[in-house]
Structures are given as C-alpha cells and as structure tokens.
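Chain nomenclature is as follows: A, B, C, D and E, assigned in order of appearance, with residue numbering initiated at 1 for each chain independently.
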Amino acid sequence: MRYILKRLLTTIPIIIGVSFLLYVMLNIVPGDPVALMMGEHINPDTIERVRARMNLDDPLLLRFVKYLLDALHGDFGYSYKLKREVSTLIWQAFPNTLILAVSGALVSWIIGIPAGIISAVKKNTWIDYAVMTFALIGVSMPVFWAGLLGQYFFGLKLQWLPISGFDGLNIKYIIMPAIVLGWSAAATIARLTRSSLLEVMSSDYIRTAREKGLLRHQVVIKHALKNAFLPVITVMTIQVASLLSGAVITETIFGIPGIGRIAVSAIQTRDMPLLQGSVMFATVLIILGNLLADILYGFIDPRIKYH
Amino acid sequence: GSNGDEGASSTSSSSEATGSTAEKVQFVVPYDEDPGTADVAKTTEFYALPLNMFDRLVESVTVAPGKSELVPGLAETWEVSDDGLVYTFHLRKGALFQNGDEVKAEDVYFTFDRMLDPATEGLNTDFFDMISGAEARMNGEADSTEGIKIVDDYTLEITLDEPFGPFVAGLATPAGSVYCKKAVLEAGDQFGIDPALTVGSGPFKLAEWTVNDKIVLEAFDNYWGGRAQYDELVLKIVPDAETARMLFESGEIDVFNCDMARSQIPYFESNDKWKELIVSGPRVGVYYICLNQSIEPLGDVRVRKALQMAIDRENMLAQMFYGKGQLVNGIMPPGLYGYNSDLPEIPYDPEAAKALLAEAGYPDGFAFEVAQETDSPNTLKINEIIQSDLAKIGVDVTITQLDESTFFGIRKTGELPSYYSSWSADFNDPDNFIYTFFTEKNAVSRSFNYVNADIQQKIEDARIMTNAEERIATYQEIEKTIVHDDAAWIPLFELDHLFVVQPYVKNYTVAWNGWSDQSYYSIQIEK
Amino acid sequence: MPEDQEDTLIAADSIWRELLQSIYKDKKAFVGAILVIAFVIIALGAPIFAPYDPYEVDMAEMLVPPSFTEGASEISDNSYMIGTDFLGRDIMSRIIYGARISLAIGLIPPLITLAIGTLLGMTAGYYGGKTDYLIMRLADICMSFPSLLLAMVVMYTLGASLFNIFIALSIVNWGGTSRIIRAQTLSLKQKEFVEAARSMGVSKWKILWRHIFPNCIPSLIVLFTLSVPEAIMSEAGLSFLGVGAQPPMPSWGLMISRGKEYLFSSPWVAITPGIAIFIVVIAFNFIGDGLRDALDPYTKHD
Amino acid sequence: MSELLMTASSLKKYYEVKVQSVFSGGKSKEVVKAVDGVDIEIGKGETVALVGESGCGKSTLGRLLINLISPTDGDVVFKGESIYGLRGKHDKAFRKDASIIFQDPYASLNPRMKVKDLIGEPLLTHGMTNAKERYEKVSELMKISGLKPEYANRYPHQFSGGQRQRIGIARALALNPSLIVCDEAVSALDVSIQAQILNLLKSLQKDYDLTYLFISHDLSVVRYISDKVYVMYLGKIVEYGDPKSLYTDPKHPYTKFLLDAVPIPDPSQRNREKMILEGDIPSAINPPSGCRFRTRCPFATDKCKQEIPEIIQMEHRGYACHYPL
Amino acid sequence: MSDVLVINHLKTYFKTKHGMNPAVDDISLRLQMGKITALVGESGSGKSMTAMSILGLIPKPSGVIMPGSEILFEGKDLTTLKEREIAKIRGNKIAMIFQEPMTSLNPVYTIGKQLTEPLRVHQKLSKQEAKKIAISYLEKVRIPDPEKRFNNYPHQLSGGLRQRVMIAMAMICEPKLIIADEPTTALDVTIQAQILSLLCGVQKDLDTAILFITHDLGVVAEISDTVCVMYAGQIVEQADVKTLFDKPMHPYTKGLLKSLPRVDDDVTELYSIKGMVPNLIHLPKGCRFASRCPEATAICHQEIPPREMVSRDHEVFCWLPRKEVSNV
C-alpha cells in the first residue's frame, strides 16, 4: 500500500508538468481570447470588463498557479462555447469515453492476444503471416476510413448496427466504434504478445516444463502465458494513451458525446478552458492507467523489486 | 444573418431514435454542433432553440418561398407614432410561460433591458441599441433602459432616438425572444442551459439536454397558439455530414439538410424514393467575395474590377451547386425588400481582366491570399475554384485556413485577407445588408476597409428615412456604386436551400430567409 | 596458434548487411520492402509518373469515374485511371504527388523524434542521477499526453500547416524512444566492452558515440520502421480533423477527409487515397515486424 | 621479492542499493559491502591471484585497482602515486599503464566494431591518430596475440571464444601497460583453449615484463599461473601467500574448504578425505559480525562472533583467523 | 541386461542456412542401471543435443533425428514415439536436470507448484498428496525448512538451493534415468561439492542410472563409473573411469588430461591442444581430430577411423590402436 501511495505521489510532478506545458501552449496563442469568445457584436468596454474578470492581464505564471489552485477544487473554469462548467461537461462525457475505451481495449485484446499467441506458436508459417496481417490491417487503415466503411456496410446496407449515436451500455451502439477503435490497437498487442511469448518460449524454465512431461500446448497455457503477459500489461499503459487518441476520431465519427468530442469541438471553437480541461483530464487518465499497470504488474510478478 | 453557408442543418422527425420514448411522436433534426445555450444574449449563431422555445413580440412567418410577413406574436397589435420614434405594443392576454405564469409587459421589459445590461455581456445588443437610453445602459451609466416603458401589464412603449424603419422586423428575429423574468432570475447563469430552469412561452419546452449528443424539446400543452401536433422535437448532434446522411437514409433522423453535403443533391434528385421529398426554398441571401482594400494591390479599383470579371460564377453555380440558384449582381439578393433586378451583369471575361491588370501595372499577376474557416469543405472547394480561375489571369492564390474564432478575431481588426462568404437576411430590409457590410465601422470590422465618404453619408441617411420609396432608391444607388463603380465586393449568386424529408413529415417548409434554424411548430408527423 | 579457420566464419559482417539479409529472408518484410521502394520511387519521380497536373481544377471533368469502370468513357473523353475528384483533378496524379507529402511526413518527424529521443535517452541512461531524473520526468510528461490530442494542441498553437505537422509530430513522440534507448544504454553501460573503453580513458561522449549508439541502431531501425506508418496515420488523422495539411495539397489524409463526402456517390475519391495509405502503412509494418524478428535479441536465436 | 608496483591499503567499496517491494511496502536503502577493508601488495613482474566464491568482491576489487570505480575509502598507490588523486594527463598516463581483460569474450568486445578498431581504440584514445601507423601497430599486436593480421577487418562474432579472448589480450597490450588485470580471463573457455591462453599470458609476461592481477575462482588455474594468492571471502582477504605453501598448508579453514571442494581429475583420489562446506555464502548486505566466515565455519566460537580477526603475518604469508588450522 | 537405455547410431542433424550441421553424428552408448555415465567434451561437441534427442526435445523444425537412429528404452524406440507417448516418459521415467538453476524455474510460480507438477501430470495425484510427497523430497535433498520453502518463489532461493529443487523435481517420480546436463557448471566449487555428493547419495538410494554431462574432467573423475568423451559430435573414447584416466588411448583424451592444471600438484608447463574444433558443417575428410592431433599420420587425414575395442569396456575411435598393433 505504501508503494501504491508512493507511486501516486510521483505522479504529482508529472501532472503539474503536463498542465503547465499545456497551459503555456494554449496561452501563447496569438489573439485575444475574450474577443474570440464573444463573437462579433460586442463593444470594447465589455471586452475590457471580461478581461479583468478573467484575470487575463496577470502574468502567465500567476494565472497558471491560480488555475491550478482552482483546479484542485475541481474548478476548471467555464466553457466559452457551451456556457457550462468545464468540470461538469467532462464528468458527463467521461462515462461515455470510458465505456468506449474499455470496450475498445477489450476488442484489442480479443483480437490481439489470440493473434499474438497463434502466430508465436506457429512462428514463420503461413498461419503466422495471416494472423499477423489480420492484426495489422487494423493499424493500417485510417480510423475514420474504417469507421465510414463500417457505418456504410453494417449500419446502412446490412442494418445490423446503428450508424451513430450512443446510449450508455447499450451494446448495439458500442460494437462498431469499439471494433474500429480496438482493431487499430490490436496489432500492438499482437506483436508484443508474440515476441514476448517467443522470448518466454525459448527460456530455460519452459524447457524444464517440457522435460517434466507437459505437452506443448499445456506448456504454453500453464507456463508461458503468465510470463508473456507481464510486458503486455505494461503496454496497456501506452494503450490507454492510444485508445484515447483514437477515441477522439471515433467519437467524432460515431457521434459519441465523450471527452474526445469535447476536445475536438473545443479546438474548432477555440474554447480554451474546455480544451485545457479535457486534454488535462485525458492526460490524467493516462497517468492513472500507467499507475494501474505498474501496480498490476507488481501483483502478477512475484519478483518485483526495483533498483 | 448567419455567416457563411455552413449553418446547422435541420431535419424532421422519426420516432425510433431514442428507444425510451418510442411511443411518443418525435421529429428529429440533425445539427452539426451543440448550440451550447438557448439564451440569445449568449449566442449569435444557433437559433434553433430560441425559435422553438420562445416567442417574440412579432413573428416573421414564411408565407411563400422567400416571402415573409410580420404577424402578431406575443403582441397582438402594435402602432408607431408618426415621427417614427415611439412604438406601442399591446400584449396578448392569456399567453402563458411554461411555468404557468402569464406573459406580462414586465417580462418583456426585463428581457430587453437584460440584453443591454452590461453585466449580461449580451451579444445581440445591436437589435436594441437604437432605443433611447440604450447607450447609457450599455455603458453602465444607467440602471435601466430609459426608452422602454411598462404602461400596464399588457402595454409596452418603446422610444427610439431616431426613426429606424426595420425596428419591428429586428424584434422579430431570434434576438427579440421574450423570457420570463422570474425564471431568469431564478436560473441565473443556468438559464438557457438547464432544462428544469429554462422557461419560455414558445411551443416547445426544453426537456433534456445531453451535451454533444441531443436536445429533447417537449410540446408545450398550453401554448397560446395551440399544442404542436407532435410530442417531441429532438435536435440530434451529428458532427459528420456523411453520418447524418446515413442516419437519414436509415430513418433515424427526419430531415437532411443538403447544405451539409451539397454533393448529395444529384443523388437525392435521381433517387425514386427521395426525389419527391425534396423541399426547396430560396435563401434571401447572397454569396460574395469580400475584397480587403487595405491589402495591396486591392486598393486599386482596376484590380478589383479585374477580379470581378475573372471569376466564372456561372460555372461555379452550375458545377458546385447543380444550378440551384441564380446569379446576383449586387448586394441585395432576390426576395429582399428593395432587390434591384436591373443591375448590369458582371461578365466573365478573363481577357478583359488581364488587360485591366496590365493597365494597373500587374501584367504578370500578383499573389493573393484568401482566408477561410477550417472545417468548411464547401467553402474550401469554392476557394479552390477561385484559385484556379484566378490562376488563369496570373493571380496566385493562397488559401489560408483559420479556425472559426481566429477568423472572426482577425476579421474584426480589419486585417483578414479577402474571403468568400455568404449572408442571408435576419429581417427583410436592405439595412440588414447594406448597413451590415458597409457602414464605416462594419467596413473595417468585416475587413472590407471600403472608404467612400459620400456613400457613408448616404447609408446613414437611408437608415432614418421614413419615405419608403426614397429609401429604396437610395439603397439601390448605394448598391450600384459599391458594386459596379467601386467594385468593393464581388457578388456571386443566391442559392436555394434544399432539404430532404422523410415521407411521413408533412408541412415542412424552408424558412423564408433560407436559414437552417427555424421554427418547427407547424410541422406534422403522419406515420 | 590458430589454424586457418576461414570456414568457421559466418558470412554477415555489418548491421546493414544483416538487415538486408533479414528483410530478404522474411517473406512479409520482403513484400513490404518492395512496396516501400516503389513508394519512394513514385514519390521522388512524381512529375514523371503523374499523368496530369495534380492541381489543375477542371469543373467540366468533375467526378469522372475510374477509366476501368463501364460508364467512365461516356462521362468524359479523357481517361483517368482512378477517376477525378470533386474539382475535376486527376486522382492518380494527386496520389502520386501525395506520396511526396507522405514520404516527408513519414520520414522527417520520425527522424527528428528518434534523434531527440536517442540523444536524451542516451544522456539520461549514461549520466544517471539528476539528469536522468529530469529527462525521464520530461519524457513521462510527453508520454502522458494522448498524442493525437497533443498534436492537435500544438497545431492549435502554431496554426495548421504541413511544416507545423512536422513540429507537432516530432515533439509528441520522442518520449517512448528515449525510454527504450535509455534502457538499452543502461544495460550497455554495464557491458564489459564499455568498461574496457572506460579503463582506457575513452571520454564519455566518445563512449556514447562509438560504443553505445551503434548498439542501439537495431532498435532504432525497428522503432523507425514502426513510427513511419504511425506518422503517416497521425497526419491523416490531423487532416481529417481539419488541423492538418492545407489544400490544395494532395495529402492523402486530406484527400480522404475531403472525399468522404463522396464516399457513396463517387467512392473512388475517398477510397483510393485510403488504399494508398493502407498499402504504404502496412508495407512499413511488414518490414518493421520482420526486422523486429531479426534484430530483436530474444527472438533472434533460432 | 621484487619491487612493489601497486599497494592497496584498507580499500573499501560500499554500494547503496534500494530494495523496494510491492508486498512489504516501501523501500529501504541497504549497503552492500562489496569490498570491505582490503590491503594488497603487487610486486613488479608478479602474477598476483585473487580467488574466492562468486560475489565475494573480486571483480569490484579489480576494478578499484585500475580506477574504474572509485572507492568508498582507502587508497591505491601505483608507482609511488595515489591513483585516485590523478587528474587529466596523469590519469590518462595511468590508464595507459594499467589495462584489463574480462571474462566474457562475448560481452567485452563491442559487437559493432571491427577488430582493427577494437584493438586500435586505446591507441587512438592515447594520441595515435595516424591511421596507417595505427594499423601497423594493430597488425603487430594481433601477431603477438596469435591472431592473423588479415582478420583485422572482421567483427568479433566472426571469431571463436578463444580467438576473441586473444583480441581482448591484444587490446590490453596495445599501450604497453605494466599492469593487466585479468578478471576471470579464462573461466569461460574450454580446457584445451584455456591452456592455450594461459600459456600465451605466461609468455607475454616474460617478453614484456608484465604484472598480472589474476582474478579467478578456479584454484587449479591459480596454482598454475600465480606467484602469490589472495583468498577473499565476503569482501575481505582471509588468507594470502605463495601458492605452494598456501595449497599444501592452508591456515584458514575457508581456504581448506575451498581446496577440498575442487574436484581432482584422478579417480583414484576419489575417496580422499575432504571436508564439504555447508550452506551458502551470506549476503554482502549485513554480513555476519566478527569473522565473516563464522556462520559456515565448524570451528567457530563466540570469539569469532565478537572479534574481527586481524591479519596475522607470517613469512610470505598471512591469514585472518582466530583458530588457524 | 541391466541396460536402462541403449542408443544406437544416433544422428541428430541441424538444418542451417549454411548447410547440415551434424551436431550428434552416429553415437552409440548404453546406460546401465545404477551407474553414472559421464559424457564429457568441449562446448559444442553435442552433449546437450544427445540428451535432448533422448527426450525428443530437439528444437523443431531445424533439428532432425536422422533415420537409422535408435534410442531403446523399456523395449520402445523413443525416436518413433508420438509426442503424447514420449511426454508420458518425460519427467516420469526419464528426468532431467539443467545447467542454469537461476533460469530453469518459472519465476511466477512457487517452487511447490512446480515441484508437484510432474506428480500431478503423470500420477494424477491430488494437490494434498502431491504436496506431502514433494515436501519429503525437499527433505531428501536437504533443503532446510521444506514446509516454508514449498511456498517460496524461485527468486527467494539461492542458486544452490534452486539446484536442489531441480534435483528433487527430477527425482520426484522415481525415474529410471536422470539426465543431468552440466548441473554444477554455474555453481561455485563449494556448492558444486555439495550438489555432487547429494546427487551420488540420491543415485544410490533410488538406484537410478544417471547420464551426467559435463566438460569438467575433475568432476568426471569424482563421480562417474563410465566415461564417454565426445569430440565434434562423436564419441571418440569410451571406458570405465579408471581406465580412461590411467590409460587414455585417444590423443584427444590424452591432450585434454595433459592440459589440465592441477590443484593438488605443481605443473610448470601446460600442454595445449593446438587449433580448435572444426566447423561441423564443413568437416574435413578422415578423422575429425586429425588436424589437431600430434600423432596423426596420412591415413588419419584420409579415412574415417574404425571403432576399436581395446579392451572389454574400452572403445576408441582412432587409427592409433591399429597402428600400434601393426607396429608390434
């Protein structure tokens, strides 16, 4: 537990660093945010007043510190465009993104892990090539392209699945975005499972297991997989990041009201507080994902001992 | 007027979009962005909500394609004093807000005063700033608006500083929406956002709002004009045009706005199922190219004239818009009060254009920057055509894409490069075009930088003229000078606005001005 | 003293030789390599291969279907191998010219990323201590961002243009590289040959350059081949979201995102650049996978 | 014997290691006393051997002696000067004068460098920038080490283990050092190759007047090659002396156990009397108090627990034990 | 008759990109009940591959056991068995101990789980029964505190202890034959002495045969009954241990013995066998050792030598005995 706490503490400087970087990037953009936010008909006095209200004339660093302090209280400011509290918007969107990301991750495992295992076991046979190529097709198709084709065939032509929209845990709506999203992450998982399994399979203890009289598939299942999954777990980390990135596009195409949609529309409308808030949030998710992976790793691998 | 042609789209009605309310009769319209708020003090772009949730004193209704009429709204009658300065509105008795309160003059006063109140940071003040005392109110020098008086519960008197012909028409725009004082005070900044707190007197009541997903409006049972003929109006947020088209074809949404993807027009027109279901209407609006005269060499009128002649408008209209519209040679589009059909035609003549350029000292052309918003594929295509047209007279066009806010931010400073855009009428009056673009301050803030003292004077004069004929004549003269003598603007065309609706959607009409945002009150769903 | 042991020697000598051999041996990698070579040749020789001017708008020739389809010849007298787009531009020529952009996007950001990542990774690994801590936290920070969002933010700050995509993609992805290189440096640092060099008094930078860097090359190559397709995809994604390459640039990503409107009426407009991306990306992935098999010390011995 | 080349006095090297565990929670800093107060004298032209079980600190000591790592405490004097104080030019001169050969012929040669660059690297580092000159020197070194100069353009993996070790030797010889530390230089080789290398080392010593610090865990090899043997246990020297008397008459019980444990390639000696040491070497983190060997020593008493035995000097020999055999 | 396992003409070849590698080339040997047979040879001489051939664990598909090879065990030819059948023998009737105790145990499972696995696989024992037996074996290999160790993970054990666990695991099904592939090479001499004495003790208890693979002639002398010397994939000399060390016949054996430094004696000059092992893929004609052999004559370079029985239990694969005979 102390370890978990410690790891949690180490994420703090990262979170601060991330938010600072983001804050600076978003605030050095030329142009007056107020003028941008208020549209055409506004008179200059109002602009002045709003600037003052938003402390826009303070030095950047001071503003950042204020922002951070407010953020600590859960106050991420107001969305220019959607006229709501950023935190509220994000919390409303979060479950949708979570459902999408988790189901995307599941798909990537359902495709990636068996693909990796099969192609490791059948290394350098045509099955290996076929399976790995299948996994690769996912990364090699632009997500939006795959999404459009999916909508056309499975939504419009075959009418199997809804074209767009989201309805909580209603699986009908999740399947297509999850496949589009998950498939593109599957190749990473497949690759890693494959090479990790190959590495494990050539290790001495696998030979020991074979020598004990276990059959090849028993060895794979009983001895190799658990070891092979250790590095795969670490990749879950990177996966959180790539799933969130993918979600940006997937949510746009399938009209899922998630964090990614928020971020994209915030960019298009220059809604800085919303953009800052949503990217921050996604980033914190990724950091927590890392943490989770580390902790999980620690529990699966009895050797864990850091130097 | 809405800027550009990339507005939201609207559609009508099916019932299975949301499973939970399957028994209710719904009309589902797609929009490509979440409007954020229903409060017209806080938005200048998304009017679908106010148009359906609130009422105005006066409504402008579509009587025929491209034709509107001002009809009583919350005000049953109104009169204007002879000097054109005092307007008296007599409110309808028994009109209820959705919280059961009756609409009173105090609510109207409150609403208009709120728009002008600096604390509101209202965005649509320009429909009210001619009211006397408005300036003082806006500057924080007064606590109330002097020019608006509550005579009694059902009578309101508004005094202007100077006569302003289109004042009532302006109040009929969404900006004139009337709110319930009590509700607004209770809701604070949640007004227009929180369905439980947002109260209007319109035919629909805000019921559910899932940001970036959908907004559900319920028919208001006690609407003074009678309950709508279906149960729910759903605005579904569909950011992608292609998705919207598929949703439409699969019956999940009820209207397809062809502005979202004009390339679909031939498909719908040739499809047996849909071709009968296309609803079309002219847009009281004009597509144009703004020429920023402060950017050299556009200061030279010969150069501007050359550019006017170098663009093959006819081809553009035919190829990009499948001929759905007509060429315009001025600023005021057909359908607008004061439209001048006798303006001379601007010819497509690249040779003459070249000669003019040579005369101006640019025989080899020059570099020309065109700005546009990102994420407007249609504008981009037009710009690419402009790019290739101008290449034929040696002008080298760069297309610079800016996101929406930067685009408008820079435009306000007068430094935005030339751009292609469109304007359609908020209210049916030349003022909504001429003043909007060419009054001195707007000429800068729209990055025209057009200077002509004589014309400036005429624009101001025309505004307060009370003689209609004289006014129209002045506007037509102004228009001719700006477009044909000074070549400060390149008129392109007016476009029809096409919608496709599901077969069970009846009585769907295109708003007189061609907007995507309109009232869906009169629609019927017959499944 | 040793006999002539000529025959005990293994043929391969340099890493590049090894690399070529392993590509040649691996069927997938071989196919990938051929496709990539074709891609590079097409990109470099675009003016030679392109049948039309990729920028020329001709409204009369709008949306002409590919010449192999039945109706094509009725619509236009000219023959376009894979049709024209919504402005009457020849898609084939645009794809050929677009290969240049994809090539640049595929090469430049990954190279910059690798350079930054390698430099910082080696420095962190070799110097350790505070330097290491600082660099790695910085890497953590960069890796914590969802890369597409970060790229979008960068584009938001800098404005949309091809050049800015280079910058955005370069600063987004170095974290992963630096981690891998750092780990390798740490393990190489312990290797006896590094100690041997230190015992001779070879300076730190020379050790990094002569001993550590060359031994990171195999991983760098694998990383490179895998980040090329990633970069190409990222560009497509950014373009799709409207913050990528600017028209009239024939960027493949942009072509899809602009052609998607015609996906169903004139499918060739969006599908063909999609196929181009697909082929190039999968080709690089094939090579990457093959090289990984060959250069990965674990899967190598077999 | 001969004049002293190098003296180490009360040399210590402690490593701090962080031990962290998810289960026990938290992390703790522990000190590994890899080398804990060692005195060593190396005479010019001698081969001094260092033996002991794995992990007892032999390599650490070897590295300390050529200033590859810096000590926690203590000093090493080489040719009258402390090596740790050396800076710049002097440090470079020392690095020229002392070199090292490693155990693993696979790990000690950079796989990405050609033989000529491997052997040429010390030359280049120490100022021989002329490529041609360097190449000639490399050829000469290869010949001396029993490699064909024609192989100069090959990579290490194109050689057998024995040949690689010769490359390592050529590289160590490149700068005409006076001291070479051989860290398990023959341990990884097969007997037949091991004999070749041992003989090569011996003949080079004669020809070039070299001094070796020969680190090994193989007592047979040590007996064959060395003039003086130091026995280490858990970071400390427990006994030293000339091989003959040390092997036939060990004073420290550990030395005796070690010798008994070595298998003898003669079946007729199979049933000789031998003592087998029980248990494992304790961890260098928190080593036992007093005599470090006491936990495994059958003769240990309370005294061994409390008092650290000092080195007792004899003629050419010394041992650290309260109860010598 | 007390042969546990008989190998006849075993050939295990590897397909490589440079050609066929005859890693094990025509080996015949018999392992007797209750005896320790040592297989010595330099690195790469094919010792491990001989062992792996017995258990059918040759890496596929590059490794092939050539037709004509025979490995007879309990009346069956192991080379012809199906995977399923041979799996029943592995760890049950023939067990194996490997060189690397550090890596030969699966790091993510307790040693208890790994130790009981053979019992559960082959004898289908319950967890409880298996645990009881396992703990008794941990005691047998003198692991202190066996109950506690049972639940330890491998990384919590020292190298010596792990090798003991490996031995316990090999013994646990009371096999007819244990193959020990360099079980002590990675250990310190002191631990090696412990393990060797343990192994000898165990072998006496169970009366199994042991095939002991090593490259250390010292170890061979200490524990084995019979010795086979391998060189470049072939057995060049085979004899009981005394004979081999007293009267080695093959020049290679003689050279090896002479190149050993001794701990019990001063050696002033070591003999060194010149050159190195030939590349198995491009083998010279004649005797594989000829190029390094100080006693080689023309015929050695020309023709493959005969297998000569110089006495009842002493076989040499060399031209020398013939020459001596003819000289006499």
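Quick note on the criterion: contacts are C-beta pairs under 8 Å (C-beta built on N, C-alpha and C of every residue); 3 or more make two chains touch, one makes a residue touch a chain.
Just so we're on the same page, UniProt names per chain: A, C = ABC transporter permease; D = Dipeptide ABC transporter ATP-binding protein; E = ABC transporter ATP-binding protein.
The structure presented is a predicted model; accordingly, all values stated were derived computationally and were not measured.
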Query raised in the report: Can you tell me the least number of steps between subunit B and subunit C, where a step is a move to a chain it touches?
Result: 1
Report summary line: Computed over C-alpha atoms, the centroid farthest from that of subunit E is that of chain B
Requested in this report: Please state whether A-B or A-E has more C-beta contact pairs across its interface.
Outcome: A-B
Report summary line: Rounded to the nearest Å, the gap separating the Cα centres of subunit A and subunit D is 52
Report summary line: Cα centroid separation, subunit A vs subunit C, in Å, comes to 22
Query raised in the report: Distance-wise, how many Å sit between the C-alpha centres of subunit D and subunit E, to the nearest whole number?
Result: 31
Query - Distance from subunit E to subunit B - Cα centre to Cα centre, in angstrom - result: 91
Report summary line: Where subunit E touches two or more other chains simultaneously, the residues are 274, 276
**Report entry** Residue numbers of subunit D (touch at least two other chains)
**Finding:** 160, 162
**Report entry** Residue numbers of subunit C (touch at least two other chains)
**Finding:** 1-2, 5, 8, 10, 156, 242-243, 260, 263-264, 302
Query raised in the report: Which bits of subunit E are touching subunit D when the two form their complex?
Result: 42-43, 158-161, 188-194, 196-197, 215-223, 241-242, 245, 255-257, 259-264, 266-267, 269-274, 276
Report task. Please give the residue numbers of subunit A that touch subunit C in the complex, ascending. Result -> 13-14, 17-18, 21-22, 25-26, 28-29, 129, 132-133, 136-137, 139-145, 148, 152, 187, 191, 195, 198-199, 202, 238, 241-242, 244-246, 248-249, 252, 260, 263-264, 267-268, 270, 275, 279, 282-283, 286-287, 290
Query - subunit B contact footprint on subunit A (complex, rising order) - result: 31-32, 35-43, 45-46, 49-50, 79, 81-84, 89, 92-93, 148, 151-152, 155-156, 159, 162-167, 170, 252-257, 261-262, 265, 267-270
**Report entry** subunit A partner contacts - residues on subunit B that touch it in the complex
**Finding:** 17-19, 33-34, 36-37, 39, 42, 44-45, 118, 121, 123-126, 138-140, 189, 192-193, 210-213, 236-240, 242-243, 246-247, 249-250, 252, 374-375, 403-406, 408-410, 412, 445
Query raised in the report: How about subunit B: which of its residues touch subunit C in the complex?
Result: 241-242, 245, 261, 263-264, 266-267, 315-316, 318-320, 374-375, 377, 380-381, 383-385, 387-388, 399-403
